[in-house]
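Labels run A, B, C and D following the written order; every chain starts at residue 1.
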Amino acid sequence: MGTIIWYLIPALVMFCCGVYGFMTRRNMIAMLISLELMLNAVDINFVVFNRYLYPGQLDGMMFTLFAIAIAAAETALAIAIIINIYRSAKNIDVRDVTRMKF
Amino acid sequence: MDFIIPLLILAIPLFNFLLLGIGGVKMSHRLAGTIGCIGMGTVLVLSYYTAFNYFFSGNEAFIIDGVRKAATIFNVTWLEFTKNLVIKLGFLLDPISAMMLIVIPTISFMVHVYSLGYMKDEKGFQRYYAFLSLFSFSMLGLVVATNIFQMYIFWELVGASSYLLIGFFYTLPSAVSASKKAFIVTRFADLGFLIGILILSFYTQTFNFADLTNNPQNVLLSTGGATFLGGSVLTWALVLIFTGGMGKSAMMPLHIWLPDAMEGPTPVSALIHAATMVVAGVYLVARMFPLYLMEEFALQFITVVGAITALYAAIVACTQIDIKRVLAFSTISQIAFMMVSLGVARPEHHEALGYMASMFHLFTHAMFKALLFLGAGALIHAVHSNNYTAMGGLRKYMPITHWTFLIGCLAIAGIPPFSGFFSKDEILSACYSQSMFWGVWMSIVAGMTAFYMFRLYFLIFWWDTPDYSHHHHKPHDPKFAMSFPLLFLATVSVFAGFIPFGEFVTWNGHEYTIHLNTVIAVTSVVIALLGIGAAYVMYSKKNEWPARLAGLVPWLWTAAHHRFYWDEIYLFITHKIIFNGICRPIAWFDRHIIDGTMDGFAYITNKASVAIKGFQSGKVQMYVWWYLIGALLLGAITAVCWM
Amino acid sequence: MESVGSIIMYWIIALSIVIFSVLTVTTRKILRAATYLLFTLFATAALYFKLDYEFLGAVQIAVYAGGIVVLFVFSILLTTHPGDNSEKLASRKRLLGFSAALVTLVVTGYALISRCANVFTRLPEMSTPDMSRIGEVLMGTGYGELLLPFEAISVLLLACIIGGVVVARKR
Amino acid sequence: MFSNILIYFVVIPLLMLAGVALSRNIKQIRAVAVVGSLALTTLSVYLLCSYLALRGNGEAMQFVEKWDWFKPLHIQLAVGVDGISVAMLILSSIILLTGSFASWKIEQPKAFFLWLILLSTGVFGFFISVDLFTMFMFYEVALIPMYLLIGVWGSGNKNYSAMKLTLMLMGGSAFLMLGLIGIYYHSAANPADYTWNILEIVKNGSISKGWQYFLFPMTFVGFGVLGAMFPFHTWSPDGHASAPTAVSMLHAGVLMKLGGYGCFRVAIYLMPEAAHDLAWIFLILTGISVVYGAFSACVQNDLKYINAYSSVSHCGLVLFAILMLNTTAMTGAIMQMLSHGLMTALFFALIGMIYGRTHTRDIRLMGGLMKIMPFLAVCYVIAGMASLGLPGLSGFVAEMTIFVGSFEHADWFHRAFTIVACSSIVTTAVYILRVVGKLLLGPVQDEHHLSLTDATWWERTSTVTLILCVAAIGCFPNFFADLIKFTFSPQIFSVLGMN
């Protein structure tokens, strides 16, 4: 159980779930949740590689820390936008939000 | 000689131009006219003084041992191309420029005075005087040019002032198009002149007349025997320079602008298109005469062009209705006389008699042709029409005009003792001395000259008196301002022939005594009298002869009446070939091919982006798909390359 | 060799990550999805703890589980009516998503297994980084120290706050 | 830094920008524009005097100074002038001055003047720079505002024209950028000594012949697009036709000169060997420009199109003469730049004024304007005469210098092209007189035009200033010829080995 691969596989599964969710859900919040999954999977990778490759250093951990901060910011903003869309459309279906095409 | 007076000769007209051109709007007609006349009068006095000083003072600078020298009064650098090729503005005094210093201010002053009456109450009177001053300035600058480029500069300036003056009545479409035509045709000729200058200056490395004409042998040597299309470069240069002269002097086939130029005010025609500007071509050839002597072909070319033009113009003059056009064609014909005379001049024949004769004729012709034009102006003023069909029997109404016009006609026909006789006789002598062929040819043209001039004279003053009662007033002689120039010029035309011209103007500065060749003199007088007689028979009283004669060879008459369709040919070339055949296709090519290519690039870019804009569907999930495909492809490529 | 306890711990964490992730994206009730996400995040935090990054695990719980998920829940409550199910997915769409996920899984998994299966077989020894060290790295200006990104993140957060306010405010 | 006079050519426009930005009404804006451009004119005349006093000292350029800007890439703000740049600076300041007068009544004056002055900042900066990078930067600063100036204040099909003009010029600058970077990477033998500084590049002379063959066409075409070289000239008619008056003036009067100046300063000055060998290709193209522009102008009916094609012809002559690679012809080229700049600005000013009154530029719909607005008409005739090369006005001296210089080549190729170029003097006369005849002379075409008024005082100021300048060059050409020719004197301009 000590091999690095055992930590990476769950992260990969998590990522793929994120991909699946992001591509199939229509509710924008659900998409956002999938996005969080993917981000989280990537965070795990950072930490794991840091732990195995450079055990004494903190770079990967710090990266994750920043990623969490950015994810928080991004989520807050995204939710603000979604709520705004909901206000105008009474709906948060992603298929209705195609005005930004072309 | 001091440089102040020559400088003033040029400066006063220029100053007058600026003064009248800028401040004229605020001036009264009287003031503008006075300024113009006083200015020109001053120039007249100063240039007479200069010319007499040149001919009679015996100053070392002007004459040494009886040989007249060219003297450069001043010469200021204006533009330096290279160390050798420098345009200088200067003042050259030599026999021909001194002579022109008499001719130009005289005619110009007469026209200034005449215009006081003729142009009275015209709108733009001040502008008219400004343009006259500009013209006088340019023409004087042209004749005193010390180098060929200075001549070209003033050559262009006279062209422009001629344009402005022909188009003086700018609201008339005919005047506008005539002025345009004059400018463009002469411009075309000037192109030849310019290229000629370029060729000549390249080989000789100088623009200076003195350097060019003092040692023509060196010029020939400097070309190093270079040839182009079979002719030596010097021949090319000289012929091209002569092309410029052909344009200004209205030689065939560049003569078409001169008859149309008669749309300008009549005094202008007298000044520019009869007496001064149109002889610039003759003056140019005379100025470079020693150089032309180096190239036999160039001289022959001049002779042939001149002779053909002379005959052509004389034939056409016989059939024109507009009196100014008759005079215009007679001008063309007479200038062609001068050209031929230069063309046949050779030092080995009577010390290049032709050169002297040409200048002599230039002098006398300026006087009597200006007289005829001013007379025509008086007639037009009186009957308000340019056509002789509206005239007839006017000798009773306008005695002064009649007599002065008659003197002009006699002078041009070459009847002794009027001035034209002497100069024309010299020309004919020169022709005969060179070849019998040209002699006979020119004698025939001289006879025709007498015929068409007297045809005009009889049709105006005799023939049949039309009904003048519908005019406000009967035709009458003009006021003093207009009749004074007529009388003055008539007097000059009578006596100018007695000037011992050979003592003043010869090709090499040596004096030359004119002696009449009795045989030629008698023959030419007889021919002239025959011409006058024919005119008398046909036109002294209203009769059917002219019409019948015209009916005899109708095609010839019609063709001559239409000036042998030269205008139509030119119209065809300019409109059909150049405008529709070159300009329009080029413009089309530019809009559709060149610009189309550029637009085509934009179009392709645009279409391509429209084609791929579907990717930007706004469906976020599709983006992920595309992204994923891209990422996987990249991954695959990396993997393949890695392995 | 690792202790049995740690192996059991590992399996619990790994399985809960996988299971809750799958549930997150397959459940049709949005609120439940948020809840499963919470569990996933907790499991991730546990993973961090297991890898001796205690501070990170704490942050994960505090920010992600405590902050973001709460945000999700509130927004879900604001935008959906109780009892709303997301509609049934069209099979084509599901297939599309599934194949995408699968392809990713296969490609990446293949790459991982073919390259990393037999390397780094042992977890290296490491003492838990103490807080003073984290603080120094985060706030230091020396080589490899991260004050500037930290500041950048603060600015970003500020921007997000303002942006959030501007976007969501009532007109 | 501020002890160098040249830097003020950028500082004053920047101050003007600030002044315009702070202005509260159109009067203040006008005041700022006029005072500022007067200051620039004064400064350029002062520069001329001090340049003349200094120039004998054997240096290629005067007032040379450089400040590091971005060291790792050796980018400097390097300034310096020779006779040519001094002449160009004078030209630019005069045209900016007259352009300000010509846009006296523009709409949205604040934004307009901001962009206009920004544009001229670029122009001035370009002429004082001797560093290729800063030169290029100022070049772009001069180009971009054009898009907005035409797109917002233009007339007719303005969006299309603005887009076309900007894109084509940008396309040109893409070539140019490539060329300049190429020059940079061959500017010295040793990478540590790489430089953008023109003077140093000339001194190093390390661009190999093979690279010159590649870089010369790049830079020449890059600048040539702005110099309206055939077949890259088509932005000019559309662009000029749509641009507002002052912009047309500045663009045709100054910006197109950037092209010629750049061709000379960068392409030929830095890569003389390639210039010598490849000149024939571009001579053919520019020779075509000269004739082709003139013939195209003969059948246009829009006043601005006529003038734009005439610009193609005249600017073609500039490049043509530069490529002749001898002192006289190049002197002529610079004089032609001055002359064309002034008279085309005059033309565009007059066309703008006429258009502002009649609201049409179609010469078929107008006629007899001489009677209605004599002042403008007379000025137009003078401009036309300058354009067709009447002695005493600027066009003549420039063209003659070019022709005489071009004819110094003894081979038939150059001669034949010189004669072809000479023939444009006839075609020019044709289209100028056609316009004058149709537009100004003849009977009045449109009765409504009878009530139109003649020029106002600011319009008179603008046109009279330009006419005086045109006449000054035409009457005292040797002063200008000497100013320019000195720059080409062998001890200074030795790179070409010219006579």
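Following the convention adopted for this analysis, a residue touches a chain if its C-beta (ideal position, glycine included) is under 8 Å from a C-beta of that chain, and two chains touch if they have at least 3 such contacts.
Since we're looking at a predicted model, the values are computed, not measured.
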{"item": "Between B-C and B-D, the pair with more C-beta contacts", "value": "B-D"}
{"item": "Reference chain B; chain at largest CA-centroid distance", "value": "C"}
{"item": "Distance between the centres, which are taken as Cα means, of chain D and chain B, whole angstrom", "value": "37"}
{"item": "Distance between chain centroids, defined by C-alpha means - chain C, chain D (Å)", "value": "63"}
{"item": "Separation of mean Cα positions, chain C and chain B [Å, integer]", "value": "97"}
{"item": "Centroid distance [mean C-alpha coordinates] between chain D and chain A, Å", "value": "57"}
{"item": "Chain B, residues touching no fewer than two other chains", "value": "624-625, 628"}
{"item": "Of all residues in chain C, the ones touching two or more other chains", "value": "96, 100, 104"}
{"item": "Multi-chain contact sites of chain A, meaning residues that touch two or more partners", "value": "19, 22-24"}
{"item": "Interchain contacts (touch definition) - all pairs", "value": "A-B, A-C, B-C, B-D"}
{"item": "Chain B contact footprint on chain C (complex, rising order)", "value": "96, 100, 103-104, 107, 111"}
{"item": "Of chain B, residues touching chain A in the complex", "value": "613, 616-621, 624-625, 628"}
{"item": "Residue numbers on chain C that touch chain A, as the complex places them", "value": "2, 6-7, 10, 13-14, 17-18, 21-22, 24-25, 30, 33-34, 37, 40-41, 44, 47-48, 51-53, 55-56, 59-60, 63-64, 67-68, 71-72, 75-76, 78-80, 86-87, 89, 93-94, 96-98, 100-102, 104-105, 108-109, 112-113, 116-126, 129, 133-134, 137-138, 144, 146, 149, 153, 156-157, 159-161, 163-165, 167-168"}
{"item": "Chain D contact footprint on chain B (complex, rising order)", "value": "77-82, 85, 87, 149, 153-154, 156-157, 160, 163, 167, 170-173, 176-177, 179-180, 183-184, 187-188, 190-191, 194-195, 198-199, 201-202, 579, 582-584, 586-587, 590, 594-595, 597-599, 602"}
{"item": "For the chain A and chain B complex, residues of the former touching the latter", "value": "19, 22-24, 31, 94-95, 97-102"}
